[in-house]
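Everything on this sheet refers to the single structure shown next.
For reference, chains read A, B and C in written order, and residue numbers begin at 1 within each chain.
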Amino acid sequence: MNNTEATICVRGLTKSFGGTPVLLGVDFSVAKGEVVVIMGPSGSGKTTLLRSLNFLEQPDAGSIRVCGTEVECFPNRELSRENRKRIAAIRQRSAMVFQSFNLFPHRTVIENVIEGPVSVKKVDRKVAMTRGMALLERVGLSAKANEYPSRLSGGQKQRVAIARGLAMDPDVILFDEPTSALDPVLREDVLVVMRELAREGMTMLVVTHEVRFAQDVADRVVFMEGGVVVEDAPPQQFFRGNDNPGVQRFLNLIAS
Amino acid sequence: MGELFLRSLPLLKDAVLMTLFLGLGAFTLGSILGLLLALARLSRFVALRALAFAYVSVFRGTPLLVQILLLYFGLPHYGVTLDPIPAALLALTLFAAAYLSENFRAGIGAVDKGQWEAAMSLGMGYWKAMSRVILPQGLRIAIPPVGSRMIALIKDTSLASTITVVELTRVAEQVGATTFRYMEMFLMVGLIYWVVNQILTILQTVLESRASKRYL
Amino acid sequence: MKRWPLTMRLRQALLVGVMMGLWPAAHATDLLPKIKADNVLRVANTQSSPPWSMLDEKNQPAGYDVEIAKEVARRMGVQKVVFIADSGKNFIEGLKAGKYDVVMNDLTPTVERSKQVDFGTPYGAEDFRIFVRADTTTIKGRGDLGAKRVGVTTGSSNESWARKHLTSSELRSYDNGGLLFSDLANGRIDAVIVSHFGGLRYATVNKLPLKEVGEPLTYQLSAPALAKNQPALAAAINKAIGEMLADGTVDRLAKRWVSHDYDMRGAIARANEDKE
């Protein structure tokens, strides 16, 4: 893969939490418009990898390039001011959707959506409102614009979270187990929105256990175990004809 | 006791205003200083953290009476002579700020970490996230202990009497000295303190329920 | 156990409360027999009001009022005096609660105060003077005190007198006499109303540049204070003081403890005329 075209390019990513190694030098890249699903057992480092991409976790070593901005991390070295500026730039080009939604409870739904554009990108409030309402329309929640998050169901909250991310006009959206906290009935609402986004060509990186989503929408499935990438293949190849015993075990587990 | 009350009324009226002025004034100024101290405690600069820690240790660890007396009677030895009311207001403010900063720090700390992560991933810097996302939630969480502190402060103003400020306790002592009816005066003034604090408690309750509506 | 209805429980609480309130009154016994039996007279003072009550170099109570108390006890046939240090605002309650037998600390008898406690025969008197900084020229007497900041001691008769007569001055009350004078010295107040001897003593002991101005403002008596309904004790104390006034003991003690040329009996006489 030609690295200069990649939206995301990760090299040698290493991270330990208090002595326990979680990422052992991961190399990884995502091209523009690709939908990549990351799977693996808990403790495999998949969430840490995702969170490192927008520096919610600070890697011990390795380099991360997102949309042309590169940050290189060295062991035991504090981030320079230059690097911190770059991280801010990376965060503005990417959006994250969290397992526990993390909506701002003290703001209404529409205020949640326009918070990013208005306070970070300094977009005019009226303009942001119009765009925000359009986004809520897209995820099917324009009727709830003036409600507070406490009044919404889990599925509705997650859709608002997606709209909030989209409001920043990101080049890539990072999804951290977006449906794991939802009961099965509500998951489909969210997955529908995600499928739409994929269809529209959004670059997406999704950590999830949703096999059907991966089969239907993903361009690649990346399997992680023990802090390294074990398998990286298109879904058909990944889900059928897979000879890796670790992957087989995992697939059996989540299938049941 | 009725005629004692009527006779003390003019003095008591002025004294209540003074008590409220000192109490609410120190609370307001102390909140501003307290918030700055709380943010300093959370700062990434070691010097700021140490300074704030030392401040809280000193003003929380020494009696308010000692602080008031030192400020009023001790400073003139170093060339700073304050009048009674400014001295009392300053002492009460510095004292309140120490406690309030701990209340605010706890409130900020109680905000879910996910809120920081959501704000950061939108590209907000530390101060923007703090002011737009964390503080509004943290301050709301802090309302109960902060409200208690305000009520305690109204009572703490009685120590201003030791540096000649004419507030409620001073009036009680004064009329008591003339009439020797100290107990009745203290009862009367105690009742006034209680009424003032009940009103403030009600205000706090209203504020709490208003602030929490959107979370329900 | 059957749950008692609210009204019954409230009545119980009220009954207990009333009984507790009446308890001290129900127990107001005659103090004199116990004093004679124990051979101890308990006297309360502040021990911080020189020259009336203070602590000497050995931290023992000393002063004019202290000596009067000791002499009164001797004449009553009581061997020992125990001095209890307390503050102005607690004296009344202390007497009522029987914590001490008598208060002797430069207390001025007034009609109003007599409603709460009984006063014995006056044993002392003092004149109140104005003290200012040595370099002050604008205050020469009472007439110049309008709109000035004047300091007094909390709970003292000079405070009550000042409140009544210096209505256009800004009065500030200090708990501690020493701090009162230091504020005069550093300029936070313009004048202090204090007894002639108290003022001189503070000024000389602390080496403060102060001076007295104007005529004496008023003469005020000092009398012992007792709880009400103690006729036997009051009679015994008054008898002792009466003897001391007649036989020159009062003058002798005054010359030793107040000033070598102070005419205490004359001052008492003048104060009696001034009485409010």
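Here is the rule we go by: a residue touches a chain if its C-beta (ideal position, glycine included) is under 8 Å from a C-beta of that chain, and two chains touch if they have at least 3 such contacts.
All values derive from a computational prediction rather than experimental measurement.
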If one overlooks chain A, the chains that stay joined by touching are one piece
Using only protein Cα atoms, the chain sitting most centrally is B
Computed over C-alpha atoms, the centroid farthest from that of chain A is that of chain C
Here the gap between chain B and chain C, centre to centre from mean Cα coordinates and rounded to Å, is 37
Distance between the CA centroids of chain A and chain B (whole Å) is 45
Whole-angstrom distance, CA centroid of chain A to CA centroid of chain C, is 81
In their shared complex, chain B is touched by residues of chain C numbered 88-90, 92-93, 110, 112-113, 115-117, 151, 154-156, 159-160, 163, 172-175, 179, 182-183, 186-188
Contacts from chain B onto chain C in the complex sit at residues 73, 76, 81, 83-84, 162, 164, 170, 173-174, 176-183
Contacts from chain A onto chain B in the complex sit at residues 54, 56, 88, 91-92, 94-96, 98, 100, 102-106, 115-116, 119-121, 148, 150, 164, 168
Residue positions on chain B within touch of chain A in the complex are 112, 114-115, 117-118, 120-125, 128, 132-133, 136-137, 140, 214-216
